[in-house]
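Look for chain A in each of the two complexes below; its partner is chain B in the first and chain C in the second.
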Partner chain A sequence: MQRKSGLLKELVVNRLLFLMLLPTVLFFLINSYTPMVGIYYAFTRFDFNTSLFNSQFVGLQNFEFLWKSGVLARLTFNTIGYNLAFILLGNVLAIALAVLISELRLKWFKKLTQSIMFLPYFVSFVILSVIVYNMFNYESGFLNTFLAKLGAEPLDIYNMPWIWIFLIIIFYLWKNIGYSMVIYLASITGISEEYYEAAKIDGANIFQRIWYITIPMLKTTFVMLLLFALGSIMKGQFDLFYQLVGNNGMLYNTTDILDTYVYRSLKVTFDIGMSTAAGLYQSLFGFILIMTVNAIIKKINDEYALF
Partner chain B sequence: MKKSAKALSVLLSFVLVAVLLAACSSNGGTATPTASPESSQATNEGSGTDGEGAKPGIDTSKAVELQFYMLGDAPKDLSSIQDAINKMAKEDLNATVKFNYTSWTDWDQKYKLLLGSGQQVDLIFTAEWTQYQSYAKRGAFLPLDELLPVAAPALYDFVPKDMWEAVKIDDKIYTVPATYKEYVTDGFVWREDLRKKYNLPKPVDIETFEQYLDGIKKNEPNVTPLSMNSDVKTNLMDRFRAISGTPIGALPYGLDVDYHSPSEMTAYWGTEEHKQDLVTMKRWQDNGYMVKNVLAVKDTMQDQITSGKAAAILGDNPTRFNDMVIKIQATHPDWELGYYPFPLTNGLATPVHPIHNGFAVPASSKNAERALAFYEKMVTDKRYNLLTQYGVEGTNYEIVDGYYSMIGDSNSNGFPREGMNGWAWRNPEYMLFDKNYDGVKAIFDELDKIQVPDKFTGFAEDYTTYQAERAALEQVEKQYLFPLNAGIVKDIDAGLKTFMEKANQAGLEKIQAEYKKQWLQYVQEQGIK
Partner chain C sequence: MKIKDDNYMKWFRLLAFVVILLTSVACLFPLLLIISASLTQNEAIIRDGYNLIPTVFSLEGYKTVFRFPEQVLRAYGITGFATVTGTLLGLFFMTMAGYVLQRKDFKYRNFFAFMIYFTTLFGGGLVPWYILLTKYLKLTDTYTVLIFPGLMTPFLIILMKNFIRSAVPDEVIESAKIDGANDFTIYSRIVLHLSMPGIATVGLFLALQYWNDWFTSSLFINDTNMYQLQYYLYNVINAMSFVAQMGAGTGVSIGDLPTESTKMAMAIIVTGPILFLYPFVQRYFVKGLTIGAVKG
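Take a look at the complex of A and B:
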């Protein structure tokens, strides 16, 4: 009784705040929670003539195609591996570049570098795939023409699976680094000048100032971006892999991720049950991962945790 | 995953909307019985005043808007055509229509969503390449057997009986087939000017085709002999098999049926024959007839020819060949293209199967009768048909000496010939042809002389029992068989062995056994010999 009136009182007292919260709550309710009903599709056989809940329940049958060819482990490993590389290399490089750029004094040069680094972000992966093909194709690619001029043997890049691990990471960084750098640059601008001035007076050189002031101040941003990124670690950069590798089976051992695998399998057998099953596997794995990492971070330092 | 997640969310919103609509329409449904006496009166009156316009069989008292779905891109002038059609349809059937187009990007995903989401769709294009057979089998379309004689009697008479028979799936009609007879059989395409220049043999079979490729390789270092792209299954292997033997069709799962003995199905993958074919592919690759990174090529095969990058296509159909000829005439008048239809070599001149072009009424449609009545108009009424096939006479086209002639060019004209992709509602009686099309007609005439029936397309595979295996196999094929097809695997024996191991692990045997069972049953039921 007591508590109920407490909650009611709370609603009445802060009604304006709750009203302001309402659109967000509704947004998530409609766009995120209601559609979750569709998870049930993963466990039914899709039928054109009945509704979702009248469809035949088939248990885990829709998940079967994921392990049928025995590649689930490799796919999961590839997906996580690439994403870890993207997240770690991406963030470290972005921080380094952001620090460098923030130390630049020439204003126009700073703006120019920033823009140039940001530009690849707008290049679509479709265009990137054409560029890559023209760089690396065996007969007339830029690389082999260049090697031929030097008198060296041509390289068949599209037949060298190992090299694609590096190529994919490099192209990812090339495209995305400018964007994440700007985020770090923004939080660097937010650091109060007073710290630096105090450090200067105490005789700290520029490296000490970066190491002892800038980097620690970026930690919160870093942890937050890390946590957000970890949540989607099971979701690869579909466009990147699909456009660069496409139908080239020779490269699948090192470049196939869950997204591309699922896309290819279901392009022929489009089945709503099976695609939902694949999506559910990814989401569930991502959910477990983000909960674990968040719990660990919470244990180490409560303030940095997301929730 | 992003894509399918997006598709899922789109789907779910559709579902929500559909639920809302269903709620609304159930109100409408309860209202109908009370309204029916009035409406039958209305139709009686209608038939009294003008006997021709009204349909005796169906109730047209309530105005409806039909949702018409076609694949591909809409022509620029579609809205004015739609207005003109609607003016007539309103009068004739008390209906208006909205012509919707999916665009070619991801059309297969969109097609599946249109049928799967329960969205209001009244007429939709069907073909064997849009999986008509499996969709029909799984209940995505309405059976039309009883509706047709009532709602579209003229159409029902117009389409020959054997065609209705041919499109039947499990003894029910699910689509209205097109009656125009054409051939989409393949044939060699090559640069004739280069052949003459270097005095190369005319390709009529694999042997002469290979000699041609070799001649190009030796004489024209900057031209790739064979036009090919990453789909080395359809564009390379299926075509290669089609001309080197007499297969009944491009069967999936490495199965093989000879046209002359339909009831004998054998496995092709992993056999000595398969290995020999792969050896040939490797030779083509090693000799440089295809580019080395063929698996990374995304250009269409036709573009590679018209741009001059490549000299020959292993197999393409007469209509597409003609399109290339027209294109080249405009850009490189000094080039020439040659064509040799496969049927002249292997004897399999199969006219297009009625399933190849059709329109169906999805199970979700609430206006099935009106949809069919409207479709009847599109096919049999000259005004509707000409307007939706060629646009407005005098604005979009004119008739010169009995031939179709476009006004302006493809950029300035807002409605090119068959601009609405109206392959399915072509009516041979009203069809107009471009003068350029005479080349195709000549090929068709030649094929007419040796035509034999298509025995394969009517078969509807039901893969519900091996869906997981099928998806897994698709995967194995891409990873292990495609590189073999492209001839880039150094050790064919080992490569083929790995492929067979992986395929069996994915459940190849189960798929083959099940498919074979269904096929034999079909052959027996239909009495195919």
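Take a look at the complex of A and C:
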């Protein structure tokens, strides 16, 4: 009773604040929380004509199918594998580039190159698919044109599933490296010049200065970005994969991730029960992962905890 | 010692210069390929393939796009409308939310902040969301669906909150309150003015997201006249039937149209506004990233 009157009092006193927050709260209720009810589809055989709770209940059958067919294992492996590659390569490269660019003296060159590296982040993923078409299509792609000039045999990239592992990682880096580099560069700029001067007086060379000052100072940023990324390790870069690979069945083995599978089950095969099940698996697995990671970090170093 | 250090330094700077230069070239290269192809004669592309420098210069790709401009212009209009409306609405809601959530005297701010943050941890997934929007809210082929789902994201709300917290001192709000201003007046008269740079940053993130959106069309739009620009381009690239689409009713056969160079020209036309605005707005993004990286 005491608590309730407290809430009521708050509502009256701060009614304007509540009102100002209302659109946002409504948005998340509708767009994010209501769909959670639909998780039930994962346990049914879907029928578009009946309502949600009248659909036939089939228990864990959908999950069982996904598990036994090996789909789930493959998708999980691909999703986590790609994300680990993105996180590791992305951060290492971004740090290296940020360190290098911070040592340059020409101001206009620094600004110009930073802008150029950040530019791909702004280009849409559809343009990325145009780029891939332009570079790799068999008849007139840039790669085969180039190979022909060298007198080499043309490559049929679309029939080489293994090469897409590298292409996807390369284009991920192309699109995102500027973004993380800017973050690291900002951290480097924030390091006090005094450390470097003191190190110089002590006779430390440039490599020692980078290794013993710059890199340790980037640790906080690195750990934060790392944890943030680990939290969404089950979420794939849907746009990237879909625009690069599309509906090319030849390449699914090496390039299919949970997000593309769910999307395809919805759009192409319209298998609602199955795709909801895969989506729920993704969501739950990700949730458990992030909770575990966060608990471990809290034990090691409370400051870095996500929440 | 000093001489040796300078010696290292020289080589290191040279290495840095070369690596950064090469990386920049690699970043720019794919875009240059498209620009070049859009300026190449179609027959030359089919004969010689795509090149970094046009083998036979021609503007026919662009000319073809603007021979039947209705479709492109309509897609432009729809995306422009969704971008402007969505960005303004989203900014209005998110600035209010950010302001309320950073008010330390607002008792339930942690509860609501967590409610927003939780959606990044767990969700119902794509399919239940899709069914909600199509079957229950009946949003297929509406302008609402092009705008509503993108209005806000937890990341941008947190960014907005941090911006407002760093731009508006608590004392300013306190003294305005003592002067008898209500919470909304404080927001509209003081908070909005003081956090303009932050609003610009969040607004640009939001606008970019609307402009580059193709996903919404692919899920919720069946009417080809309502495709967003990016999805329109996507279809042009993928569907061979695009020639029929563009030349519908004009009696132009497939053989007459320079398909390859037109695709590339279309890609440039779609990206044009971003390439044009990029030099002017990129510093706001850089600012957003550096402030957003601060935990809060």
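Annotations
We adopt the following convention: the second predicted complex is superposed on the first by the 211 of 307 C-alpha atoms of A that agree within 3 Å, B and C clash if a C-alpha of one lies under 4 Å from a C-alpha of the other, contacts with A are read in each partner's own complex, and residues count from 1 in each chain.
The rule is short, and it goes like this: a residue touches a chain if its C-beta (ideal position, glycine included) is under 8 Å from a C-beta of that chain, and two chains touch if they have at least 3 such contacts.
Here the structure is a predicted model, which means the values were calculated and not measured.
More residues of chain A are in touch with C than with the other of chain B and chain C. In the superposition on chain A, contact is made by A:I290 with chain C only, not with chain B. Looking at the shared chain after the overlay, A:L104 reaches chain C, while chain B stays out of its contact range.
Of the two partner chains, chain B is the only one touched by A:D156; chain C is not. When the two complexes are overlaid on their common chain A, residue A:S55 makes contact with neither chain B nor chain C.
Of the two partner chains, chain B is the only one touched by A:M250; chain C is not. Once the two complexes are overlaid on the shared chain, A:N78 sits clear of chain B and of chain C alike.
Of the two partner chains, chain B is the only one touched by A:K68; chain C is not. When the two complexes are overlaid on their common chain A, residue A:T44 makes contact with neither chain B nor chain C.
In the superposition on chain A, A:N176 makes contact with neither chain B nor chain C.
Put simply, chain A uses residues 31, 34-35, 37-38, 48, 129, 133, 139, 238-239, 246, 259, 262-263, 265-267, 272, 275-276, 279, 282 to touch chain B in one complex and chain C in the other.
Residues 10, 14, 16-17, 20-21, 23-25, 27-28, 31-39, 41, 48, 97, 100-101, 103-105, 109, 112-113, 115-120, 122-127, 129-131, 133-135, 139-142, 144-145, 148, 174, 177-179, 182-183, 186-187, 200, 203, 205-207, 221, 224-225, 231-232, 238-239, 243, 246, 259, 262-263, 265-267, 272, 275-276, 279-280, 282-284, 286-287, 290, 307 of chain A are the ones that touch chain C when the two sit in their complex. The residues of chain B lying in touch with chain A in their complex are 1-5, 7-9, 11-13, 15-16, 108-109, 112, 115-116, 135, 138-140, 224, 230-232, 291-293, 295-298, 363, 463-464, 467-476, 478-483, 488, 502, 505-507. Interface residues of chain C facing chain A in the complex, by the touch rule stated above, are 1, 4-5, 8-9, 12-13, 15-17, 19-21, 23-24, 26-28, 30-31, 33-34, 37, 45-46, 48-52, 93-94, 96-97, 99-101, 103, 106-108, 112, 114-117, 119-132, 135, 148-149, 151-152, 157, 182-184, 187, 208, 211-212, 214-215, 218-219, 230-231, 233-234, 237-238, 260, 263-264, 267, 270-271, 274, 278-279, 282, 285-286, 289-290, 293, 295.
The touching residues of chain A, counted against chain B in their complex, run 31, 34-35, 37-38, 45-49, 52, 61-62, 64-65, 68-71, 129, 133, 136-139, 156, 158-159, 234-236, 238-239, 246-250, 252-253, 256, 258-259, 261-272, 274-276, 278-279, 282.
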